[in-house]
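What follows is a pair of complexes built around chain A, which joins chain B in one and chain C in the other.
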Partner chain A sequence: MAGSRHTRRSFYLKMVLTSLLRRRSRMVVALLSVMIGATILSGLVTVYYDIPRQMGQEFRSYGANLVLLPSNGGSSINPEDFEKAKALLPAGETIGITPFCYENVLINGQPYIAAGTEFAQAQTTSPYWLIEGAWPQAPGEILVGREIAETILLKPGDPLTIEANDYQVVGIVTSGSQEDAFVFLSLEDFYELYPERLFAASPDGETDGLPQGETDGLSSIVLPPGHTSESDCASCHTEEFINTALSSSGTTTTAGLDLVECSVSVSTDELDALVATIAEDVPGIAPRLVKRVTQSEDTVLAKLQSLVYLVTLVILVLTMICVATTMMAVVSERRREIGLRKALGASNLSIIMEFMGESLVLGVIGGLGGVGLGFLFAQAVSANVFSRTIEFQPLMIPFTLVVSVLVTGLACLLPVRGTTQIDPAIVLKGE
Partner chain B sequence: MFWRMVAGTLFRQSRKMLLIALTIALGASLATAMLNVMLGVGEKVNRELKTFGANITIVPRDASLIQDLYEVEGDEALPVSYLQESELGSIKTIFWAHNIVDFAPYFTTTVQVDGQNDSSISLTGTWFSQHLSLPTGEEVDTGMRNLRSWWEVTGAWADDAQDGSAMLGAVVAERWGLAVGDTFTVSGTEGRSRELTVVGIFSAGSDEDERIFVPLATAQDLADKTGLVSSIEVSALTTPDNELAQRAAQNIKALSQQEYETWYCTAYVSAICYQLDEVITDGAARPVRQVAQSEGAILEKTQLLMLLITILSLVGAALGISNLVTASVMERGREIGLLKAIGAYDGAVLRLVLAEILIACVLGGIVGYFAGLGFAQIIAQTVFSSDIEINSLVPPIVAVLVVLVTLAGSVPSIRLLLSLHPAEVLHGR
Partner chain C sequence: MNILELKDVSRAFGAVKALQDVDLTVGQGEWLAIMGPSGSGKTTMMNIIGCMDKPTTGSVILDGVDISKESSKSLTTIRRDKIGLIFQQFHLVNYLTALENVMVAQYYHSLPDQEEALEALERVGLSHRARHLPSQLSGGEQQRVCIARALINHPSLILADEPTGNLDEANEVMVLDIFKQLHSEGSTLIVVTHDPEVAEDAQKTVVLEHGRISSKR
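Moving on to the complex of A and B:
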């Protein structure tokens, strides 16, 4: 009994395999069509799943989507709070965190605004700045807004004196908005120019400064304990950074940072959660979403995603039908064979099972090939469009295999069932 | 005889021919839909990106941006220059007028609010949603409403015709405890004072939350500057910058006459700015790089993405069609062998089989083209809620593609069958 079952199984395998091997040209056609279908399926689905992340990162070219401001009652963000907030931002998704300090400054008798910032970070949160010349690298090198450069005829390489300190202009910034009337210095230069802006006491009046070394980025500018100054918050609108900069231009404010721009590549929901966390954990900071960027990004990103989704859907449906028609064409060619086997006494079930076996083999081989080719396609898209690599999703293997086996199976089932229901004599006669 | 045989095949083997026509229709509809979507997507996405607001600002040439900063400080020492309100309509008369989606003038002044501490605040007059009748006979609706799609407004948007209505920033409203429907009094220059009614409170997530927005006439009246505006925001559909646009932005005079014309007649943001400068006296139009630059980047990425997806689907459709055609020709081996056995020339057989397949191909292609248009419209309607432009380039591309692919699928397999001996073929090899 066991032996007969074994023989039957090996006979079944032999039938399926020889059918595939003998009818090589037809099988190549069928296999090719399954593989095309599987390639499109796995390629497009991989791209579709990767689009939100990739597109979201593209939208970061609009710059910061989250700003940190001093909370009500404080005139500036103290370095300790800044480090705390920084630690709360998801490290992998954060494109840049740029601190800013503002002061009024007179250049050639004209009033402008001097901004202290970290240039390496500013490049990431303001990728749209057009820099004529270069970004500053060394201390003493500064960027000058287009407006100022045009008014006092500056070009990259020129020296510029601000309040008796000499600087070298290395680049001219054009942004088309208020930055055009700013002078950008490194934070170190800024604090050297405005020593009164150095952080010495937290806004609520605690006089003990930060332990040295606890803050890494800003520790160099923290003064030893003992250096205190009065906080003057009665008249400053903390929400508007320019106002803050202007109203704190006196010497009486304690200072740290006026504004921190953050560019974080996460969804709006996650951003909302982030805002809530920072507001709760760091009372000295009021995080705000830049609605212009976040709201608009939501709208446009949703459109782009539904575009890719629909396009993927249409292509997949059409391709799958196309694969099915090819399979049907290949199978209906074998009507005679089916008729002959029925005339020899094969049951409908065994014929259907044999065709299902063939489609399983075709589906698996075609599907595997398709997964590989599809990944290559997705990789090419990602490299060309987004200049990034994508990770291989192992889940795509079972998914593609199941879909391609199902499509081939169904496509075979229809013509085979149709044929098995007809009298073998009629089929064999060719009518 | 030839056509009788062709007709015979088409009718008697209608199932097979239908399958071929169906596959070709599927492939053709896929190609049509994807090509139309790909060619039309740029314009659609460009329009969507307008939600990020204006990409050009016009300010008076000599005052430009410093003035804003001054007014925040309340220092009126510098001579302040303005643009003329009467020239606003000419924005819609420039070469690229059709690409101007929206524009809004702003008049910003500092006012004191009666009965409040720390009462100095920036008040901006603007067009919220203004209807313009241009001298050219054109009717235009424009205003700030479309340029601030991200504002969350409680209450309603102010009406331009209603003098004295005001929209308050959320921060100011909270500070002063004002709600929709409340009134308050502001005083501008030389003791001019007005009572304003809060019609809406907005949350903008920027320093605008600390401002009051009123109809343009109200603000001009408060500052005694009738007919003047301090800046204009323009939202325009633009083409992403290329090397020519960058050179033009640096120095227009360095362009040759031909380059200048190409540049002027392309919707680069710099060309539109240049044309705006021509119609607005003493105005300096500048691209807002945050919007203009990012727009270009996202537009290019989207188009490239769609291009690659389209290529994939075209290759898929092409392989699918030629694959099926090959299969159906191979299937007819016996028939071809029989024709040869009774003395048909190779050429005659080739013509016969090709004619049959091409008829199926043309029928399938036509059906597929229209089905594809349907798919493209479904996609455009669902995603962008507007029809996609039917590109006249698509039918020839699809026709050439389908015919080439059908020939590529059938000719080699027919030739293969013809090269065999009829006896072998008839015997089933």
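Moving on to the complex of A and C:
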């Protein structure tokens, strides 16, 4: 019996495949419909799942999305904790880690803020800074904020004396934010200018005015004393608050860093996990998400993904309509053949199985073609829109195949149902 | 022994009476020709005998079973098991070879058997054309494939509707020779035709006019 069944199955397959192969012109149209649908489906779903990674890279141009602050028990981040936290950041996904130290400074009798930082890192975490001139490369070279430069008429190449030390202004920073009123020095120059920041010890461990609590904003944001969360700090991003913080804390800071900006190209969920890990493993550091950045990322990503989802849905419906129309034409063309098969003793179920078999083959071939073409499509979209390559997702093979077969099967249901209504006596009537 | 018995069979399509009070018997191994002009009810009668239609009134006993009372699903089974159909327009599946066309009938009946299908083609002198598509065969050859397909499941009754209607004289002779051979081997044949030459070879002829049997020979 097993051999007999095999023979029946073989003949069934032969009929289905022969029908597709020898009636190429009509079936090519249906196959193209399925393949184009599967291509767009597979391509868009690949892009859909790659958008966070693709956009994550793009979003990093908005600056840091994670800041490290001293925890409530400390007044600054000590170098040991900083190294520990750095080690917890995912190496491959970390775009930059920029430390900052702040001090009040008088320039031409006017109070400004001196910020010590690592310029190479600052370029990665603050790519939106507009630099007129160049980034400092050597000791003694500094950046000056646009506001200071305009007040005291500085331009790149000009000398500037700060607390009896001579520096050369190599670039003017324009950020549209509080950085415009900062003077940026390298950390080495900063510690040379403020040697007490290297060796000072924490006086009493009490919370002072150094950065603490949640941070919501651009780089170099510090919360003034008494502010512990972003909710009560709607206007924290002002020079006034920064100055307040510094004036109350500057003389009592301990060695180390006031703030570290991190730009990490991971999803918000992964960032949340990272924050939890750092907070748990490095008690001296209070990691905070820069929520304005992460929330915009989430919003943009959600909208983009919804768009892709909708387009995919529309494509699937269009594919179904196209396949259904083609199959209706096929059934109409084959009315006599269906009538003949019924006259020869075929049950309605047999006829349905034959047509569904054809649609299954169309779905599988179209789906397989769609996976390959879809990946090329996703690559093209990724290259043109995001200027990046995309990773092939092996799961797309079964996913696209199953969806293609389901869509083709569903599209064929209505036309195939029509075959049961065909009366052999009518369609085989002689002339 | 009668293989087919029509008792008082009528078939109406709305107000049109295609068959009226037809009584007919066909014995085992008999060759019956049904003649009549267009619109006389030949095709309606063939559809009823071929289990593709049911009479409005009357009964049709085929091989001991009253098929006028059967459901359309049962009629499909009876048609598959007991009747071999031969059509004027051959009705071959155009994307299947001659051999595959014969095997289709086997597939719906029991099991496709290539050897047996080849033998059926051999019987109608077409084994050498077994791998050809219908479009590569002449009209006569296509009709012979149709006959091979009708014979493949050893039906109780072979029902042919204008089998020579689309054939030239040479092919008509060839097809009639096959019918003669089948008859001599004991097959029961009912041939619907308007061609007196085709009816000449039959043992019995009935003539239909306006849905009634007008004469029997």
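In this section, the second predicted complex is superposed on the first by the 278 of 431 C-alpha atoms of A that agree within 3 Å, B and C clash if a C-alpha of one lies under 4 Å from a C-alpha of the other, contacts with A are read in each partner's own complex, and residues count from 1 in each chain.
Methods note: contacts are C-beta pairs under 8 Å (C-beta built on N, C-alpha and C of every residue); 3 or more make two chains touch, one makes a residue touch a chain.
Quick caveat, the model's predicted, so the values are computed rather than measured.
Asker: Quick one: is A:319 in contact with chain B, with chain C, with both, or with neither? Answer first, second, both or neither.
Answerer: In the superposed model, A:319 contacts chain B only, not chain C.
Asker: On the superposed three-chain arrangement, identify whether chain B or chain C touches more chain A residues.
Answerer: B
Asker: Given the touch rule stated above, what does A:29 touch, chain B (first), chain C (second), both, or neither?
Answerer: So A:29 only meets chain B here.
Asker: Pick one for A:197: touches chain B only (first), chain C only (second), both, or neither.
Answerer: Neither: A:197 stays clear of chain B and chain C.
Asker: Give one of first, second, both or neither to describe whether A:306 is in contact with chain B, with chain C, with both, or with none.
Answerer: first
Asker: Can you pull the chain A residues that chain B and chain C both touch?
Answerer: Residues common to the chain A contacts of chain C and of chain B do not exist here, since the sets are disjoint.
Asker: For the complex, give me every residue of chain B touching chain A.
Answerer: Of all residues in chain B, those touching chain A are 15-16, 19-20, 22-23, 26-27, 29-30, 33-34, 37, 41, 45, 48-49, 51-53, 57, 64-66, 68-70, 72-73, 118, 149-152, 171, 203-207, 209-210, 286-294, 297-298, 301-302, 304-306, 308-309, 312-313, 316-317, 319-321, 323-324, 326-328, 330-331, 375, 378-379, 382-384.
Asker: Which positions of chain C touch chain A when the two form their complex?
Answerer: Residues 43, 47, 50, 52-53, 73, 76-77, 79-81, 85, 87-89, 91, 93-96, 100, 103-105, 107-109, 111-113, 133, 149, 161-162, 165.
Asker: Okay, in this complex, where on chain A does chain B touch?
Answerer: It comes out as residues 25-26, 29-30, 32-33, 36-37, 39-40, 43-44, 47, 51, 55, 58-59, 61-63, 110-113, 126-130, 147, 174-178, 180-181, 235, 237, 239-243, 246, 288-296, 299-300, 303-304, 306-308, 310-312, 314-315, 318-319, 321-323, 325-326, 328-330, 332-333, 377, 380-381, 384-386.
Asker: With touch defined as at the start, can you tell me which chain A residues reach chain C in the complex?
Answerer: 4, 7-8, 11-12, 14-15, 18-19, 22-23, 336-337, 340-347, 350, 423-425, 428-431
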